[in-house]
Structures are given as structure tokens and as C-alpha cells.
Amino acid sequence: VTVNKSADLRSVLIIRCPDETGLVHKVTGVLFRRNRNIVGTQEFVDRDKKVFFMRTEFLGQEQLAEIQAEVLSALPKGSWVQTRPLMPKRIVVLATREPHCLGDLLLRNDYGELNAEILAVVSQYDSLGSLVEKFGVPFFHVPVKEGTEREVHEAEISKILKKFEWDYMVLAKYMRVLSSRFTESYENRIVNIHHSFLPAFVGARPYEQAFRRGVKIIGATAHIVNQNLDEGPIITQGVIPVDHSYGPQDMAQAGRDVERSVLGRALKLVFDDRVIVDSNRCIIFE
Amino acid sequence: VTVNKSADLRSVLIIRCPDETGLVHKVTGVLFRRNRNIVGTQEFVDRDKKVFFMRTEFLGQEQLAEIQAEVLSALPKGSWVQTRPLMPKRIVVLATREPHCLGDLLLRNDYGELNAEILAVVSQYDSLGSLVEKFGVPFFHVPVKEGTEREVHEAEISKILKKFEWDYMVLAKYMRVLSSRFTESYENRIVNIHHSFLPAFVGARPYEQAFRRGVKIIGATAHIVNQNLDEGPIITQGVIPVDHSYGPQDMAQAGRDVERSVLGRALKLVFDDRVIVDSNRCIIFE
Amino acid sequence: VTVNKSADLRSVLIIRCPDETGLVHKVTGVLFRRNRNIVGTQEFVDRDKKVFFMRTEFLGQEQLAEIQAEVLSALPKGSWVQTRPLMPKRIVVLATREPHCLGDLLLRNDYGELNAEILAVVSQYDSLGSLVEKFGVPFFHVPVKEGTEREVHEAEISKILKKFEWDYMVLAKYMRVLSSRFTESYENRIVNIHHSFLPAFVGARPYEQAFRRGVKIIGATAHIVNQNLDEGPIITQGVIPVDHSYGPQDMAQAGRDVERSVLGRALKLVFDDRVIVDSNRCIIFE
Amino acid sequence: VTVNKSADLRSVLIIRCPDETGLVHKVTGVLFRRNRNIVGTQEFVDRDKKVFFMRTEFLGQEQLAEIQAEVLSALPKGSWVQTRPLMPKRIVVLATREPHCLGDLLLRNDYGELNAEILAVVSQYDSLGSLVEKFGVPFFHVPVKEGTEREVHEAEISKILKKFEWDYMVLAKYMRVLSSRFTESYENRIVNIHHSFLPAFVGARPYEQAFRRGVKIIGATAHIVNQNLDEGPIITQGVIPVDHSYGPQDMAQAGRDVERSVLGRALKLVFDDRVIVDSNRCIIFE
């Protein structure tokens, strides 16, 4: 058992199963008999649905398949178990024209604080290409021509993405709606960031509406993308204060600042395997 | 000119007028010629609508009517000017059954940090009566009987309120919808507090929905009540972090905590005459 | 296993012991064999000192002594184990003249959100008596006369406190230094709150110094009181933003606001048995 | 008069003078007679010292010297007046080995959200060179050899800096103590960032001490560098929450995150000419 969040070679064991007595004891028993030192264990139970969630971090990265099988056999029917070595994730990024989130990822990728490696960046515009290439990351321009169907465009992107072995796709301000076919083929592997307001503003020019309404905070939400698109399971959220002196453009800049920092926090959680998706909600084991 | 937010006898001059060059100079000239020392001046201009807003705090509380008239005559047509002595406000409170906001007001009223005097509390239930009376504040129970029409109930409340000379009405978790007739008769004098979420949840049992969605922050919004009810001009907003371990009841308690503190901040701004309502927005001169 | 922080009859098991493999398995085994459903388990290991900490919350409040003995016998030498029923705490409060923290405790005690019962309030002044008595709580005025020795005054206080069976003492702005003899006799049972600054200001009139230096935030720290007094183990901390327009008195009021909310959060953690003191640090299992 | 913080060609007028009645009127009169539209005016008075501070932003960038002279002649003896066109600032950066603050500056410089242009980066190591050169910014490696005297090293740096016409020097984690001679020659033009704790830790390995003490927040302070070095006038401060599970290295990373964002906010204030240094305090007109 160790203290630091930084550290040795580790693995993570993630469980979702029907709740019953003795689950922690059974699961930790598997690790104990294999002499695996536990770094930390966290649980959560959804009382209404009677579902048990658990994340256990332990030392060593060998025999993960055996451990997974043994844990599964100790659990009730209908259980789901995943074991993974804790390793930096390999990611691809989709962007449009805004550099604030993408740039932050590239920079932290460069100085080694992202806990991930950026394999490729794809955009329908080429304006971000020079920024991406500064950092030696492959950039793919997949333009949307007049009349290009969404599915055709997405198929082109998928074709590029298939060349890479990636764990997660990050939408770093990708301003196009994705089809269900696309999101379903990468289930629970796409992370998105968007700003939002209290109250919510429907319709065009949200920053103009927010200014007219005099909102005092701008929020940002990072979430897993599923068929609900912007309404997918929330990973983390944050806010930034604004006041009446912020015009629509100033609000937009404040929105970018909070998006960048919230996306950063969300990715840290995802890349450390601390996020379990359960229907339209995330269980986060910080 | 003085520094402290606490201090001497002061007045405040509030202006909303069509924008043009030289407004600050003209307004401060009136005060200068009357040898009134300015404590602080703040302005804001709505560029699209070309409207100028200004709040000036100055020493002394005499001849306010003359100052107001003189300032008005120096301003362009269509200007609105208000002068007020800076004094503790007299308030009435409407509540239902929840004590968290009301109790905080009573307490700070009691030890003198509210910058207001609570003249009366009105509720459709009597459960808060003993708390209110502990503090020597009159409590009025105006029950809603079966079949009582909203207008009839509100008329009873208004009758009570007329006995007091009050500046502001605070809805400290008043859980009934108010009629337009009621809100219009107290224009810009009613302050409300309510919780909210990112994203917003429509329909019944919002905390249950928020739990199912796994929201990570709960917000609270304090606002002026007009015909838009919960959608009136925002005074201030705040958030409190929650996580997946919060059941609906825990979320409700977190919601109460942030409501209490946001209402406190909003009232401080209102009672210090720092809030100007402009259509559906507040200009806040902090 | 259950989800809500609110809920059924529960107990808590707290462990501090030399670290080794299999501790979680062994401890949960004791509960499993007694068919006790675990609500949640958290661990922490101090890697340098090789010390393991654990908090387990489980259903039921019977046979706690047996459970404690059985867990202790399963652990390595030098272990410390505590079992407690999760119940509202009984507290006594020491105050001086400031009502902001005390009033908040009395209020939340009154409407049942404190998770504690206030048995008595003691002060060297009588100015807070009427506030305390509003809430039907016994108030004891123990004056400090000219030449009263500290030990004599503390002995008088202790004599009063002995009449009550209390779990924790809260210093709600008690502005006198306590002797080591006093703090030692209530080890890890006294909670204090005080403001602080970045940078720290030594010497008299700290708010005056903070104003002269133009600090932008005021912090508050809630901590366990030991012989280090203000330097005891930290429970929680918070900050509030200020700016150059805050005079020393405005800063003091902002300080009171943040003290009140930080003390509230700290007591929630203490009263829910989520705080373990380890030499001069607190392990907090939120 | 305009609304947006973004906007047209503007200038700023900054005043520090003995306090007396009518100052706002006199100063705005100069601008009114020259038909200059005021965007916003803010004042502050230090009551004890009887000093008046004012910042006025107005349209146009012509005849600033004349305006300055005219305002000065309208003010009492001992006044200080500065007029400046509002323009992106030219800056030089001193760094050591840490890329987090420097990288953020380079990135926002690159996509145009810094309101400044980075002319050069200087470091005593060459490890940051490749990052800086990615962005096409000149990098100067000025090594500290064994036995190099501080003054000699600083003289070399100054020689390089003299080649550029710069407004501000940013210490983006420059880990060497600067001599008084150096800081005095760039009075009020050097901005520094450093982390700090509540309570403050003196001596070596502060993160180790903070871990042992169990601090719950880490703060960062951005300030103007004067002879007091780390104790110079504070521009802005921020905090980030941590808990007992953060080892010293995790605390250091949290410290870097808050340093980066606090430095960003401070520079925005400095580059927008919103910071007035007054002895050891900053007046900030946000």
C-alpha cells in the first residue's frame, strides 16, 4: 500500500455488480492471495438500483487477465469487471478552429503533465495545423465541402483514426454534431467540453443572451459523449465569475478560460481510470 | 472622499440616461458646487442600447431632492435619477417551511450585520413562528385553506404588509407562485432565491433528476422578482460542488447551503443600493 | 451497502496501524463474518512512515466492542482501533464576544442540521447570554477578574464542563490562550477556527497590516487544538476574496464570514467521524 | 462612452494625488473640454493617508502629453499623473527550468489572447530553449558558472534585455534571488509568481512541510518585485484545494496549476494598465 498519486507500476480493477454483503472482502481476497498490495479502494452503491461500484488500485501489472477472471467468478451473476495497467493513455483530438483547449493539451503533452500521448489531431479546417505541427504531432485536415454528407465526413475521419491505436478521443471544441453511428462505435471513449449557463439559454447566440440577461457566472461541463450528445454523462464541471461589464465577447473569452481548465481536470480523471460510466451518469473515484 | 465601505452619513445618486459625452463631469459638477465629497463613482454603458448608468456615493444626507432635480436638469431627455440616503433597509420576509434562509436573516438582523431591519415575517404555515418570535420579530400566519384563490391569499398578505413601511420584500424560500398583479405592485422591490443546475432540469423532483444525471455542481441564483418570476433579473449567483455520493437529500442540503450564502450576498448588494434593474438585467456596482 | 450519506443506524470503524499487505481484506472479513453490510470504506497510507489508516462505515450499532477486539487481534502489533456508533455529537461551546460563529451553531442546532446537540455555552463575558438563551441553551458566564490566573479561570470552566457528558468542545471565537494542561486534558476533542492571510502577518492588528499590504484573499483555518494551539492539525480551510477597497473593518467582516462557513464544514466532518488525527496532521475521509 | 472591455483605440489616465473635494469633476472636465468620451472611471481613496487614486479610460490616443499636463495643472501639489495609450505590452521573460508558466505565456502569445508580445526569454539553463523556439521567440541562455557572481550574471542579462524595448519583465518561475540593484533599475516593471501556504512554511522543502502539516489549500501570489522580493506589492492571489492523499509531489503539481492561472490573471491586469503601485500595496482597478 502506497501513498502518492504519482508512483510505481500499478493496475486498476473496476467493478460494477449487483450489491450484496461481503463484496469488498471477496475482491480484496483475490488480491491478497496473490500477494498484491492495494494502493487504494473506493466503493459506491446505488441504493435504489442496488448496484455496487468499486475501483481498486494495486501494485504490479502482471497476470491481469487471471485476476480479472478470478474476481469475476467470486462476484454475483451480472457483474462487470475490468482490469487495466495504469499507463499513459494514447489519444486523438478533434478540433475546429479554436486553439485554447487544443493548445493546452499540446503544451502539457509536451512537458509531460498530461498522462497521455497525443497521436493525431483532426480538423475540418487547416488553421490549427501550424500550431499542432510545432509540437511534432500529425495533423489531418478533413475538409467539409459543400454538400458533403455528415456520414461521409465522419467515415473519412474514422479511416484516419483507424491508423492509430488510441484509447480516448478528445473533442477539443469540435463544433460539429456527431452522428449516433459515430458515437456508438466509440462508446464511452469520447470526451467533450462545452460551456453552459445558469439559466440555460436555448437558441442562437447564447453569449448575447447571457449578456442581455446579466448572468454572473459561466459554467463549463466536461462529459462523455453518447447518443445524447451534449447531454451525456458528466465528468466534471466548473464556473467562472463574470459581471455586467463583460460584453458578449468578454463572456466568450471567460467561457474559453473555464472550458480549458475544466477539460484539463476531466481528462486527468479519465486518463487515471477514475471514471465509470453508468447509464447517463459518471461515478468518479477521485 | 473616504475609503471604508463602513462609515459616516452618506447618500447615493443613481442615474440611467441616454449616453453622451461629459456625463460624469456634469453630474460630479453638481456635487462639487454643493461641496459634497464623493466617496466613489462607478459607471457602465450599454453600448448597443447607448444607455449610461452611474452610481455615486457621497457624504451627507441633506438636500437630496435639490441635488436630484439639479442633476436631472443637467442630463439629456429621458434620464432617470434617484437620490437616497444610505440607510439600513426595512424589510418584510415571506417564507414557507424551510428555516435555513430565514434563520440566517434573523440571526444577522439580531447581531447587526444585515444592514436591514426585519419588520415582519409572513408564512402560509405556522411552523416557523417559534423561530421568528425568538428574535422578537412579528410573525403572521396566513394559511391557504382548501379552495383559497391565489388572489385572495395574496390580498390578505398585502393587507398585512401595508401596516409596515418597508423597502424590500425577501422571499426566503417562499414556495408559492406569485401573481403578476402582486409582483407588479411591488416592482423591483422583491428579492428571491432559488437553486439551479447545469444543465437545467425541467419537471418534477429536480434533485432526483440531478442525482440520476450525476451533476457535479449545484448553483443558486438570487434575483429580482418581476412577471417572469424565476426568470427575473439576476443579482448574484454561486455554486457548491457535489459528487456521485450525494443522494437526492444530500443534494437538497447542499442546495440549501448555497442558497443561504447567495441570498446573503445578494441582499448585501441590494441593501447598499448597489443594484440597478434595467429591463431583465441587473447592473451591479460593487 | 447503501448509498446515501443520510440513513439508517450505522457505526464507524477507524484504524491506524503499521502498513502491510491484506489489511483491507482482513478488516472487511471481520465484518463479513458477522454479516455486517459495509456502507463505505476509505484508506490512506503514509508511505514514508509506513502507516495505514482506514475508515469503514457499516450498518448496525450492536456488538461494537466485540468487533473492535476482533479487528484489533487481526492487525499487526502497534495498531489502534476505534469503533463508534454514528450518532449526533454532544458539544460544549466556548465563546468570547463575537456572535457570528456561535449564532450559526445555535441556529443549525435549532433546525436540526448540525448533527450535534449544544449542551452548554461558556464565555468570560455575559454579552452573548441573551442570544444563547433565546435557543434554550444553558449559558455560563465565567468572568476573568483582574488578576485571575489563567489556570484558575480554566479550572472554573472545567468544573462547569464536567457537569455535562460531551464529545467535543468548539471554540467559537474564544479569544483567550488555553494552557497546555487544559488542552491536554481534552486531547483531540477541541476544535478551533481562526482567520489567516497569505502572507502571514505577525504581531498586532493583523487586519491593519493586511490592508496596508493589499492582500487579495483572506483565509480561515479550522483545526484541532493541541499544545501547538493555532498550529494544531488542520481540518479544513477556505478563503474569501477581498480587494483594496476593503478597509480593516471590512476585511474583519469578510474574515468573520469565511470563519463561519469554514467552521461549519469542519464540524460536519468531525461530527460524522471523518477526521483522524495523526501527530500534527488530520487524515480526512470525506 | 462604450461598454466592451475589448474595443477601439483607447488611452488610460492614472492619477495619484492628495485627496480633496472635486477631483473627479476637475479631471473629467479636462477630457470633456477636449471632447474625449470616457469609457470608465474608477477611484479609490486611502482615508488614513488622504491619498486619491483614479483610473480613467477614454477614447482616442492623440494629444496624451497635453492631456497629462492639463490634468496635472488642475490637481493639488504633489500629484502624479500618467497617460498611456492602451496597447499590447512588450515583455521579456526570465525562467529557470519549469515550463508550466512559460508555456502558457507562449501559447496565449501565439493565439493572441495575452494582450502582449513576448520579445525574448532568458534562462540560466538551456532546457527550455526548444519550447521557446517552437514559437519563434528568441531564447537566450545565460549560464551561471561556478563562482559567477550574482551581479555579473545580472549584468549579462541586463545587457541582453537592453537590446529590446520592453514594458514589463515577467519572472515565470525564475528561481534565483535578484539583487536590489537589478530590481531597482526596473522599478514596478517586474512581475513575479510564487506559491504559498496557510500557514506559511519557513525553511527548506516547503511542500514536504505542507504535506506533514496536512494543509488543505495551496495558494499562489502574483506580485510586483521590489527590494522586498517575494514580499512586494500583491497583484492577485488564488488557491487550489488539496487533501491528505496529495504527496509532496502532487502538492507541487497543484502548486504549479494555481501558479499558472494566477500569473495569467495578474498579467491581464498589468497589461490592461489596471494596477497602480502605492508603496507596498497595489490598487487594482478591475
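Order of writing sets the chain letters: A, B, C and D. Residues in each chain are counted from 1.
Please note the rule applied: a residue touches a chain if its C-beta (ideal position, glycine included) is under 8 Å from a C-beta of that chain, and two chains touch if they have at least 3 such contacts.
Since the structure is predicted, the reported quantities are computational estimates derived from the model, not experimental observations.
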item: Mutual neighbours - chains that touch chain C and chain D alike; value: A, B
item: Longest centre-to-centre distance from chain A, chain (CA-based); value: B
item: Computed distance of Cα centres, chain C from chain A, in Å; value: 37
item: Geometric centre distance via CA averages, chain B-chain A, whole Å; value: 40
item: Residues of chain A engaged with two or more neighbouring chains; value: 3-4, 40, 44, 47, 245, 247
item: Complex contact set, residues of chain C against chain A; value: 1-4, 19, 21-25, 28-29, 31-32, 35-48, 52
item: Interfacial residue positions of chain B with respect to chain C in the complex; value: 3-6, 40, 99-100, 103-104, 107, 110-111, 113, 131, 134-135, 245-247, 249-250, 253, 256, 261
item: Residues of chain C that touch chain D when the two form their complex; value: 44, 47, 196-200, 212-217, 219, 221, 231, 233-239, 243-245, 247, 280-284, 286
